[in-house]
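Going by the order they are written in, the chains are A, B, C and D; count residues from 1 in each one.
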Amino acid sequence: MRPGDGASGVFCQCAECKKILLAGELFEALGVCPNCGHHHRLSAARRIEVTFDPGSFEELDADLRSIDPIEFPEYSEKLRKAEAKTGSRDGVVSGVAALDEIPVSVAVTDFDFMGGSLGSVAAEKIVRTFERGLERKTPVIVFSASGGARMQEGLFSLMQIAKTTAAVQRCRDQAIPYISVFTDPTMAGVLASHASIADVILSEPKALVGFAGARVSKQAQVSKVPDNFQTAEFVFEHGMIDRIVPRKEMRPTLIRLVRALGGHLRG
Amino acid sequence: MAKTWKEWEKPLLELDEALGKLRELARVATPDRRAELERRIAESEQRRNRYIDVMYSRLGPWEKVLVARAEKRPYSLDYINALFTEFIELDGDRRYGADHAIVGGVAFFDERPVMVVGHQKGRNIQERQYRNFGMAKPEGYRKAMRLFDMANRFRMPVVTFVDTPAADPGVESESRGISEAIAAAMQRMFELKVPVVSVVHGEGGSGGAIGIAVANRVLMLEHAIYSVIPPEGCAAILWRDPDRGPQAAAALRLTAQSALEYGLIDDIILEPHGGAHRDPPGAIRAVGEALARHLAELGAFDGEALQADRYAKFRAMGRFGEGAA
Amino acid sequence: MAKTWKEWEKPLLELDEALGKLRELARVATPDRRAELERRIAESEQRRNRYIDVMYSRLGPWEKVLVARAEKRPYSLDYINALFTEFIELDGDRRYGADHAIVGGVAFFDERPVMVVGHQKGRNIQERQYRNFGMAKPEGYRKAMRLFDMANRFRMPVVTFVDTPAADPGVESESRGISEAIAAAMQRMFELKVPVVSVVHGEGGSGGAIGIAVANRVLMLEHAIYSVIPPEGCAAILWRDPDRGPQAAAALRLTAQSALEYGLIDDIILEPHGGAHRDPPGAIRAVGEALARHLAELGAFDGEALQADRYAKFRAMGRFGEGAA
Amino acid sequence: MRPGDGASGVFCQCAECKKILLAGELFEALGVCPNCGHHHRLSAARRIEVTFDPGSFEELDADLRSIDPIEFPEYSEKLRKAEAKTGSRDGVVSGVAALDEIPVSVAVTDFDFMGGSLGSVAAEKIVRTFERGLERKTPVIVFSASGGARMQEGLFSLMQIAKTTAAVQRCRDQAIPYISVFTDPTMAGVLASHASIADVILSEPKALVGFAGARVSKQAQVSKVPDNFQTAEFVFEHGMIDRIVPRKEMRPTLIRLVRALGGHLRG
């Protein structure tokens, strides 16, 4: 159970500053530590709850489930465990919702499901999210929280980053606004696909954001590694994202953006 | 298990060395001795060839990794220089720098203008450094995008040669957006209204490879590999032991044969007897024939159809269950 | 001749100071003395206002340079924050860095979504450094291009606020292609199929300015300047004497009045009595009214017509002879 | 008289290595010093002669002449002197020509005419060169040799960089290939307009290429200035151009490029 999602006990501890907090208080604060501002990870369900209009979310494609296409060692077991842990069939929850009554098509990754890794199901759900944006002429919002491609699906996984990119290209071609939100972590194959080529990219503060595992990057480099390497702050300084948005400002920011960018869809 | 291609081909090397000695002996031997020696040479040659047959008809995934990385295999520029005429290299991302791990430019194939782009590795220390081991930085992908754009505007087919261990993973590449560059390059390839053929001829290393491999036809050489993660990296994550690359290679099913079986590539180009590194001209010829065939087939479609085909192909990739379990 | 705006406004400052003293005296004076003081205050105010009238109705080109650079004038973000609602700044070129000398983002003008882009200067040392004195690097222009693209895709009118001494001329900017960035930004603006209005409200400094000023309507504030080269630079080249800026300013005809006369801009926005720096809310109001009018007029055209209009306008600029001399 | 253009005497001196050369030899070598490889500047006429098919060039718009639109000090006199010096009415020579029988639309700047600066006439000729490419469906080639915008035409000059850029945009939109060649020097307003946004950019070796006067750039900078700052080699390293092409390879390179990029125009 994550501190931000409503812990089982009365108390919980901040993952960053280690302060003991009232679980209910942290829950009310959307998982943001009142002491140090640390943004604890949220489940997809809680993310949807705190972001979109109350009751507006309708889940779709919930019946998609991962199979084991290349019979990869222990993959089936891992899938069963992740299902048991999260109650979901894969790491992406997708559907339609509303932001201040503006309809949007959304996909949210749950890091708890095998590190939010991108396999066939996650990519299919994300692609269908873009397709729903195209069909319904609504903005698309994707929250990422992923370690990257799901290596247990082998080359299928690599192809998923092309597949989601293809869907983004169609949206761009048809003037469907697409907002990508990085949450902790947004890495590797996910960063090198749909997440990085949105019209507007927002990130939660301090989220881990990068292409290669930090160990790999540092090994590959003789030069000094900056202190904030592979954080939201680092990629902002380097022009890769539009804004760092604290969690409690995320909903109003998204509302403004879909109002502004989606004006042409509403005539 | 062998850890490098040289180690793995050692028995062959020994046979070749023995053969060399016999030939030297035969050259200086008396006529009656020579007949005997020549019989032994013929035997040795047969043995060597049978050995090659056996080794290369049963290449396991890990051996394919070793062969795909062999520095004697033709590299992208070897294919480009041999198969195309009047190649003019074009360079620059118009943003930051020149990248030598990806080369590209205009050329003619069968008298027709084409745009060619490929990863390029080096064969000696200086070349390897100059080419950054075939690991492109953001500049490389942004140059590729510029060339893709140009090809699209001037209706030139695009041919890409894929051979990279991975995109450059360094701090510099991160700071200039290697992820964005790869994603944007793929996106650009989905925009193209011209035929696109990609040839994975060595290492198809993850995002670094797919960044220039969103093609209507993806062809793989018989012993090339294509993988979401290097097997050593996979082993390090799975078993915390990078030395278990051979097992990871098997688990990842990173061979051309698996990729074709899964419908993730479109064709396999057979390599000469004993692999492309044993007969580069033969490998280049085979690639040329495959390119000619696939480009001719794609030439029958108009731009919209080509773009739609590319989309439909990648859209359909992925395997999952739907409905009640 | 005055070299700075403060130096040039010194007489006014002295009048204001004297006026302040009189007011202070009047506040504490006895009733009978106060009547006399109030008469003198009224006189002084009249004199000050006449002085302003005279100074600002006869601003020469060099005085306009000083006024256009005055740090009390409203800057781009002052206009943006006052005239638009729900502004959300967007950042990043997706290539290299964030640039704070050009700001941009989405906002609403009269309830309609618009894309706003502008140079931004700073008022104190820290701000000036942060904004690099309003001199954008390649990243700034590439960010602007990204926002222009987005506006085009989502059919949002574009409003730009121009106020820069020049594009950043440093080694870093050269190495990342400041020239290419400016040219590409202009080219992008020619692609737009939405209304584009640019307001030159301070310094329209050469390539750095035109890089975001390819508009259907280019408006200038009454005392703004627009020049192919800073007058000091021009004097340095012409007379090897940067101190002859005043003469160069006259020679360059860099005033809004000349630009309008030459047909190089479309409208002049009158400034409040004594200049925009003396009444920022008044200046902002005037700009808002002009924007509303021009955006409304442009709203009558479709995308193709807007693009064609922009092309035709710049295509026609330039004066030359043709045929026998 | 420039060394490369056929000097008046029998001998001339290399501007770079100072070696005394036979004028005829240097002329035959296209103005490239046989000793040090220095590329001397060429007049527009000589450039055209050594680049395009013999006799193929037809000059157009030669009757355009500069006027003094803002009555700038000494501008009229400078124009008269430049006319006398070059025999041209302004610094750009434009028209149509052929490369290995492929028709092309070309403009070549003559640095001798007021430093090749871009005023109303130069820009008009360049724009008409692009328009001829559009009308005749031929590739466009522009050789630059310019200090930048012509400040004597004030704001008119600044607008010329937008005007030529507009013409490039039309060519791009209509798939007309455009090749830009930097020769010594290619600076400021010219670099910040049509010269930098070609499909393919070539440069002669060692050409001066930059935005700001080198003095300005160095003043503006605390960091170290590289030795090759503002040269063709510098901009190549920084990804701004495609190739550095020695003068004697320029014609064959251009031939290959127009054949490859213009294939679609010839059906």
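Note that a contact is a pair of C-beta atoms (placed from the backbone, for glycine too) under 8 Å apart; a residue touches a chain by one contact, two chains touch by 3 or more.
Worth saying up front: this structure is predicted, and the values here are computed from it rather than measured.
Of all the chains, the one whose CA centre sits at the greatest distance from that of chain C is B. Here the spacing of chain A and chain C, counted between their Cα centres, is 41 Å. Centre-to-centre separation of chain C and chain D, using mean CA positions: 33 Å.
Residues of chain B in contact with at least two other chains: 94-96, 176-177, 180, 184. Along chain D, residues 172, 196, 238-240 each make contact with two or more other chains. Contact topology of the protein chains: irregular, matching none of line, ring, star or complete. Touching chain pairs in this entry, ordered by label, are A-B, A-C, B-C, B-D, C-D. Within the complex, the chain B residues that touch chain A are 167-180, 182-184, 186-187, 190-191, 206-207, 209-211, 214, 226-229, 234, 237-238, 251-254, 258-259, 262, 264, 310-311, 314-315, 317-325.
If you check the complex, the residues on chain C that touch chain B are 94-96, 138, 142, 176-177, 180, 184.
Those residues of chain B that touch chain D in the complex are listed here as 86, 88-99, 106-108, 112-113, 139, 143, 150, 153-156.
The touching residues of chain A, counted against chain B in their complex, run 63-67, 69-70, 72-73, 89, 119-121, 123-124, 127, 149, 151, 153-163, 165-170, 172-173, 188-189, 191-197, 210-212, 216-218, 220-221, 223, 225-226, 229-230, 234-235, 238-240. On chain A, the positions that touch chain C within their shared complex are 172, 175, 177, 196, 199-201, 236-243, 253, 256-257, 259-264.
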